[in-house]
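I've put the structures underneath this note.
You will see chain A twice below: alongside chain B first, and alongside chain C after that.
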Partner chain A sequence: MYCERVISEFENPFHMEILSDCTHVVESTNSGCGDEARIYIVCKSNVIENIGFQAFGCASCLAATSFLCRTVFGKDIKEVAEITREVFEDAFRDLEPAQRHCIDMAEALIKKIVELKIGADAQI
Partner chain B sequence: MYYFDSAATTKVDRDVGKLLGDLFANSFGNASSSHRLGEATKAEFAKAKEEIANCLGCGTGSIIFTSGATESNNTAVANIAGLAGPGKKRVIVSPIEHPSILEPLRHYEKLGAIDLDFLRVGQDCVVSVEELESKMGEDVAAVVVMAVNNETGAIQPVEEISKTCRQNGVAFHCDFVQGFGKIKFSPENYNFASFSAHKVYGPKGIGMLYVKNPEEFKPLMFGGGQQGGFRCGTEPVELIRALALTVTSLYRESEANNQYIKMLRGYMLDKLSDCPEVESNLPQGGVPHILNISVKGVRSDALALVFYQNDIMLSQGSACSSNHEEKSLSPVLLAMGLPEEKIRSSFRISFSKTNTIRDIEFVVDTIKNAVNKYKVSR
Partner chain C sequence: MNAIISELIRSSDYFYEDAAAQNEVKVRLISEAFSYHRSRNKHYKGVCDEAGAAGLEIKTVEDIGKIPLLNIQEFKQADSSKLLTSRLSEIEFEMRSTGTTGVPSISRRDYESCNNAFAYIMGLYRDFFHIANGVGLYFSTSLEEMPEMGMVKALNFMNATLDTADFLVRGVTFDNERAIADLKKWEGKFTRHILGAPFLLSMFVDYLKLKDVRLTLDKSSKIITMGGWKRYSGIQIPREELAEKCHEYLGVDAGQIRDMYGLVECNTLAIECENNIKHIPATTHMSIRNMENPEIEEKDGNHGLVAIYDPSSHSYPAFILTEDIGVIERGKACECGRLSDTIRIVGRAPKAETGCCAIRLDRQMNEGEEA
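This part shows the complex of A and B:
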């Protein structure tokens, strides 16, 4: 029912918190499943110095968002842009079909983080 | 294991399990056989049926044994479709029925045999007798409303519905599965009523259909003429004897069980009262053994993993679907008008006589810890 990655990320989520000093916020929703994830980023000199998240979703949604934050933490935005869907596909390869929407959400969030660079040069 | 899913199924009573073990080991007769073993089996079958009829307060001719509630409901719906005819095709039904009611009803509607007319339910998950009365007419063939809703525990006004049906000469089918042993069953109120053993500490694979007028009954299963031709197929006499013991125990113990379960439910609600995120979806009324709650800020399918890891068994109100367009929300909670977010945070805790205060405390602590850890500020 639950793959090991989902269980480990869900039980030990990476920075599941609101960052009051964040410089950017990105969100993604899945209207079908009702999943909502919000990521708080502290980005300085193009580097993600800190990251936090909140997710109102299923366990796999929480796990994928946590994994995303763990993956991008400390990275340069250029490095984040190189993270592909395959990273999530590989990490969550044991998900059941009904749970795979969390990979779509993670991919969408990555894109939004990268797009922040384009739209907010002053801050990033 | 912390089992709080008794509305799905219950642990078989020890006495019933022991009886079943003995019967499966030592008894194998066919009630239709003419030899001595067959005669003995037939006598056991008759005795079991009489014990059940005595509990229900009806004649033995009104009881048809089935494989369970799904077959009972399908059979009742088939009979309702049979009652319908030109100018009398409308079947009034609640929107909160079990799929074993709604799916066959939709099947007969597609075939053109009946037209469905849905009642509404309020936020209390109860149908309105006034609305039912307003819908009555010459074209109504039957009314179908369950006794107790399986997701919320809401008790439907079956006495008043029955009265309205009788005044209008309309048949009434009641799915009594979740009401059995919880509220009074008065056979005179129903044309058909369904029962299941495994919801009341009996075995799976056996249920009953109560039929007020057996002389008008149309069977769904044809074959060797068993059960007077009403339900063909070799009678599972071992299961039927276990059902008889289940029902007699249920009638003997139900008052004490219900009091105990009411205490458990009250204890849980009291322990959860300092957790403002937890809200009952049926604050008043309802049978004690079902508690439907929502946890603000946490999805039930996230809590499901917490429960899974802690060996807690209960039912969640929504689940992910591989079809992105399909929302997979509880039709019952939707019919009550609950917002999507609340439905997605809902789950059903259903109690049984085997639960303990210690079980409740563990579940409450688990819920509170999960809320503190996973709740989303919105």
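This part shows the complex of A and C:
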């Protein structure tokens, strides 16, 4: 039922934690199934220096959010803006149809991170 | 744990056996399940160690109450993956329930858990409802719309024995006129059954009253409800009043209206007999816990938090402290012939989220109307 990527991210999630020193939080909810993901970002000088997440929902939601965090960690916001849906499509290409909503969620989260227009002195 | 499925299939037989026979199977299955999860599940082993249950052996029904419980809230946490005894690669199905906060409770079932759930639920349905044909009018969404919603999934097991079905909630709208048309269309051709959430049944009979439409279902018709008797707004649905309205506008007796109690996280159901008494299968144990200190087991007849010990879960330990308040009677000789423990659900814990599949459906329909 689960592709290798989902299993590996589920069993070894990347920074599944709340960051108390985060500068920004973004979240996304799938109104259909109720999945919810929340990302905690420590961003300084437009660089994502640290990132953590919580995902409430199915395993593919958790895996996609974990993969997103792994992917954007250490990147400049401009680089994050260049991450397209295809990155997730490629990483999770073996998802079953019922699991594909996690790609929508990951794409929405990326957009929200970019839309933060993070500046050097930005604080939540 | 492989042999458990044969006992689950026999669950219905155990209802009619004496307390000794029921207790024997209950203790044996729960003891095996407890040992299985304690030895293979790192998180649960930690829970057991902390509770001083590392060496606990289950030899009597009284011992079952000593098994450490998982709080139902753990299934809603971001780290709910820790609850798994099985690997994710073994999981076949994720089922969910969502309450008022919107955070889903996720329960993950592997091959054996799915087998057990299917056999268990079908066996219970057969024993309580004797439905082998007829039509089902679902007062819920279809699985197509909400494939992982626990209530919808559980009710749809019945579809395997029905001739056809219709689902009255489409999008976020319940179609009263379609329900009436279906019931009229099927009259004299099929035995008509209604399955779904109590709040929708309540809304439907109110609609019939408003339109002064009186229908008469069939003598074998069942109205099977699930999902709780509280609305999203917090208003309690009055059960007796609803039964009276169903009698007047749908032509059914109270004994034809059967409510079921269960959790998405468990494979078991307590189903009402024709006397509207919910029977607990012998292959499951339920106990009542003190509201202030859930480690204390309440005496029979007292109300408190419901704890469920379901040995049919293979992928995670289904020893769960719920947020439902109930009362249990042990070994009740019911007029229906069953000799099992019975449970009455009387409410939700004061600080608990009003939560279940029906509540989510209610909320979505309300939000849809407001939009």
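Just so it is clear, the second predicted complex is superposed on the first by the 117 of 124 C-alpha atoms of A that agree within 3 Å, B and C clash if a C-alpha of one lies under 4 Å from a C-alpha of the other, contacts with A are read in each partner's own complex, and residues count from 1 in each chain.
Here, contacts are C-beta pairs under 8 Å (C-beta built on N, C-alpha and C of every residue); 3 or more make two chains touch, one makes a residue touch a chain.
Please read all numbers here as calculations on a predicted model, not as lab measurements.
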Chain B and chain C placed together on chain A: clash or fit? clash
In this superposition, the partner of chain A with more touched residues, chain B or chain C, is B
For this session: Have a look at where A:Q54 lands relative to chain B and chain C in the superposition and call it first, second, both or neither.
Result: both
- Message: For A:M1 in the superposed arrangement: first (chain B), second (chain C), both or neither?
- Response: both
Going by the contact rule set out at the top, does A:L62 touch chain B (first), chain C (second), both, or neither? both
* Using the touch definition from the top, say if A:R100 reaches chain B (first), chain C (second), both or neither. => first
Tell me the contact category for A:T29 with respect to chain B and chain C: first, second, both or neither. second
Review point. Is A:E11 touching the first partner chain B, the second partner chain C, both, or neither of them?
Key: both
Clash list for chain B against chain C, restricted to 44-52, 152-160, 224-232 or 242-250, contains only 152-160
Footprint intersection on chain A (chain B / chain C) at 1-2, 6-7, 10-11, 16, 33-36, 54-59, 62, 98
In the complex, the residues of chain C that touch chain A are 76-79, 81, 87-89, 91-94, 96, 98, 102-104, 106, 108, 146-148, 360
In their shared complex, chain B is touched by residues of chain A numbered 1-2, 6-7, 10-11, 16, 18, 30-36, 54-62, 96-101
Within the complex, chain A is touched by chain B residues 297-299, 301-302, 304-305, 308-309, 318-327, 340-341, 344, 373-374, 376-378
Per the touch rule, the chain A residues reaching chain C in their complex are 1-2, 6-7, 10-11, 13, 16, 29, 33-36, 54-59, 62, 98
